[in-house]
Amino acid sequence: MNQTVVSYLSQYEFYDFLLALFRNNQGVLAFTLYLLLALIIVGMCATIGGLGTYAERKISADLQARIGPNRVGPYGLLQMLADGVKMMTKEDIMPFTADKKLFYLAPLLCLTGVFATLAVLPFSSGFIMADLNVGIFYLVAISSLVGLGVFLGGYASNSKWSMLGGMRGASQIISYEIPVTISILAIVLLAGGMGFGTIVGRQGGLPHEWFMFHNPFAFIAFFVYSVGALAETNRAPFDLPEAESELVSGYHTEYTGMRFGFFALAEYIEVFVVCGVAASLFLGGYNVPGIKLDILPMQAAQFVIFMTKTLVLYYVVIWIRWTLPRLRVDQLMSVCWKYLTPIAIFNLMGCAIWMVVFNGKSIAELVLGSH
Amino acid sequence: MIPAQFDALMPIVIFMGLAILLFFGGHYLSVVLAPKKPSHLKSTPYECGELPVGSAWSMFNVRFYVVGLIFIIFDVESVLMFPVASIFRELNDMGQGGYALIIFLSFISVLIEGIAYCWKKGDLDWVKSFQHSHKKENK
Amino acid sequence: MFLQFLFISSAVLTVSCALGVLMVKNIMHSCVFLLGSLMGIAGLYATLGADFVAITQIMVYVGGVVILMLFAVMLTGGNDFVSRAQNLLGLPASMGNKWTYAIGLLVGVVFLLTNIQLIRGLTKALPVKTITNEFPSTVTQIGHLLVKDHVLAFEMSSVLLLGALVGAAIIARPRKQN
Amino acid sequence: MMSLASYLIISLILFVVGIVVMIARKNIVAILLGIELILNAAALNFVAYSRYVTNNLDGHIFSLFIIVIAAAEAAVGLAIVIRFFQIKETIHIDEATQLRN
């Protein structure tokens, strides 16, 4: 059965009150609640995406011993609003050789693919919009729309730089999807289900209960997933599709104003989603250490735990970007196919054998001897 | 009172709808706010300040296709592995772990054969395949 | 209510994008229309309660086949393919003159009507299950079917994919000579 | 509204459109697009029958394998198209006449 946020709320009294308010119309009430919560999530993620650009500059300034943005608002915090206003007031230019329909469509595909993944992201045990049975599989599948958007954006511009960037971007995103998917398969195998509720529910709050430390193979799988996810979101050191020194600006060279803004927003939200997935698959997700209660205030604590883990990973992503140099294209492909994919397959086999040999127990359970 | 189960799909549709709304809303704002002074030079595709030579379409090497080809085969195999992986724990608890392991490993071993073949033949090797085909580059 | 909305929008998307594949001359646009059609079919699977098949459809087609087709279009001269003379319907004039189209249309209409009659008869004859609004998980059942009843097909499909990989890599691999 | 017949009619339309694409388009890639539409029409039928007529999920398995085979077919077919283009420098189906005589 698919749990949703509405079916979670329906166990409390105020749901009946709301239902009476909507004249017992289940569908309309569900729609209203979903829409409200979806708006909250989108607003939150857009803010996080905007703050991401700010954090990126601040952290890079920090790493390079500069000050970074400090003019707009306190500590330059309102920089993101200034950026947004700037994007909207820039002229929208389309190359006259462009494929106009696809030029419009490409940012929309990127945005749709990223937004649709938010529907299954587990913020807390109740506040997960739809805990589908196929949760993680759905997330992997729908985020491949982003690769399509990147390719079409590069194609439709009809500029050489864009085309090269789009081609590279699409082949990079699809290549790195393989190690990521196989690492996720290892976790699905350990958890015994694809829903986020199942996966997170089988972990605990403390580090020895996380899937990352379940067995050595899962530990390696975490790093394979991280590298692959960095490459899938086109972040440095894998930002070849938009390598400034080689390709001007890659697939969005010809995009200006708001359309460029959509690409940037999609990218920053995707980084957030990827970090959230890593947190919930490998790092215990929303589980609060030590406490197992099912009351409404617990949801807030779980939400805080989840966001903390995710934002720490977000920081690490930005940190890596300003630390490591960019790869070459041939290195990129050999990293994916000659290192990550064989390691990921090996991990999957290792996890399967571990499941059978040790009957699904983690290292901690074996060492501590608890049932 | 539990809502209808198919409503679990509603958030997906809502999020997609929100993406489309945001897209068109942003476009509308940019149409209202942005200046509109088109010129021919402005809408030329960027080519380092020079006038663009020819179209950017149709200048690609077959190695991109080979990467896509290997990808799609692995993608499909991972799709088939997902349901088996998600019942692996259940089978193991039922005492059929060995059977499931044999099935799973024999499936993966065929996958490994595929990647080993491509590795040996140099399909995973970006530079090598480039050297093979650089004579056809100018077509 | 929502289910009907999903069904209608998916059906409209599927059929209109399929017609788009047919009508549009630009092969790149055809591929994008195919993408829309396949997404619509994924929505139809979802309305049938087949969640796993729906997501598989998105994963394999949207993430794989359509990108592969776009790559192939780029490798085969992109958009430069100029179809020969066009006629009124926007279809390439490869089938001959208007009489061929008229006869084709007539045959199509007869075929459609016959099939609709057949389908009506069929739906009356078949014992129709009562459809509940439940949405049970199909994943575990599909997993059990894959490792028990259909295990041979499961294993053979990996061999099939290996064969496809090897064959297609041999065909598409860049050659030294010529 | 939602019944077996409506799914079958959608599937029928898809099938006919796929056939027409295969016949009318002269670009080989477009013909492959038509084949994808036809295979999808068949897979949709399997799932619809599985929900409305039978009580098991065998239809889902069938459409799963149809999708698998469609992917393999697309991979091999497009490889052939690319090879054909390298030899003939066109992807017009009427140029594929080497086996005629």
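Going in written order, the chains are labelled A, B, C and D, and every chain counts its residues from 1.
The rule is short, and it goes like this: contacts are C-beta pairs under 8 Å (C-beta built on N, C-alpha and C of every residue); 3 or more make two chains touch, one makes a residue touch a chain.
None of the values given here were measured: they were computed from a predicted structure.
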{"item": "Between B-C and C-D, the pair with more C-beta contacts", "value": "C-D"}
{"item": "Per-chain CA centroid nearest to the all-protein CA mean", "value": "B"}
{"item": "Subunit C and subunit D, separation of their C-alpha mean positions in angstrom", "value": "6"}
{"item": "Geometric centre distance via CA averages, subunit D-subunit B, whole Å", "value": "21"}
{"item": "Distance from the mean Cα position of subunit B to that of subunit A, given in whole angstrom", "value": "15"}
{"item": "In subunit D, residues with contacts to at least two other chains", "value": "64, 67-68, 71-72, 74-75, 78-79, 82"}
{"item": "Residues within subunit C bordering two or more other chains", "value": "2-3, 47, 49, 52, 56, 59-60, 63-65, 67-68, 71-72, 74-77, 79, 135, 138-139, 142, 146, 157, 161, 164-165, 168-169, 172"}
{"item": "Residues of subunit B engaged with two or more neighbouring chains", "value": "4-5, 7-10, 55, 57, 60, 62, 64-65, 68-73, 75-76, 79-80, 82, 86-87, 90, 100, 111, 118, 136"}
{"item": "Touch-based graph of the chains, sorted into line, ring, star, complete or other", "value": "other"}
{"item": "Interface residues, subunit C side, partner subunit A - complex", "value": "1-2, 26, 28-29, 32, 35, 51-52, 55-56, 58-59, 62-64, 66-67, 70-71, 74, 79, 135-139"}
{"item": "Subunit C residues within the subunit B interface of the complex", "value": "2-3, 6, 46-47, 49, 52, 56, 59-60, 63-65, 67-68, 71-72, 74-80, 133-135, 139-140, 142-144, 146-147, 151, 154-155, 157-159, 161-162, 164-166, 168-169, 172-176"}
{"item": "Partner subunit B, residues of subunit D touching it in the complex", "value": "64, 67-68, 71-72, 74-75, 78-79, 82, 86, 89"}
{"item": "Sites on subunit A touched by subunit B in the complex", "value": "1-7, 10, 15-16, 19, 26-27, 29-31, 34-35, 38-39, 42, 87-98, 107-108, 111-112, 114-116, 118-119, 129-132, 137-138, 155, 157-163, 167, 171, 174-175, 177-178, 181-182, 185, 188-194, 248, 253-254, 257-259, 261-262, 329-330, 333-334, 337-338, 341-342, 345, 348-349, 352-353, 355-356, 359-360"}
{"item": "Residue numbers on subunit A that touch subunit C, as the complex places them", "value": "1-2, 27, 30-31, 99, 101-102, 105, 132-134, 137-138, 140-142, 144-145, 147-148, 151-152, 155, 167, 170, 174, 177, 193-194"}
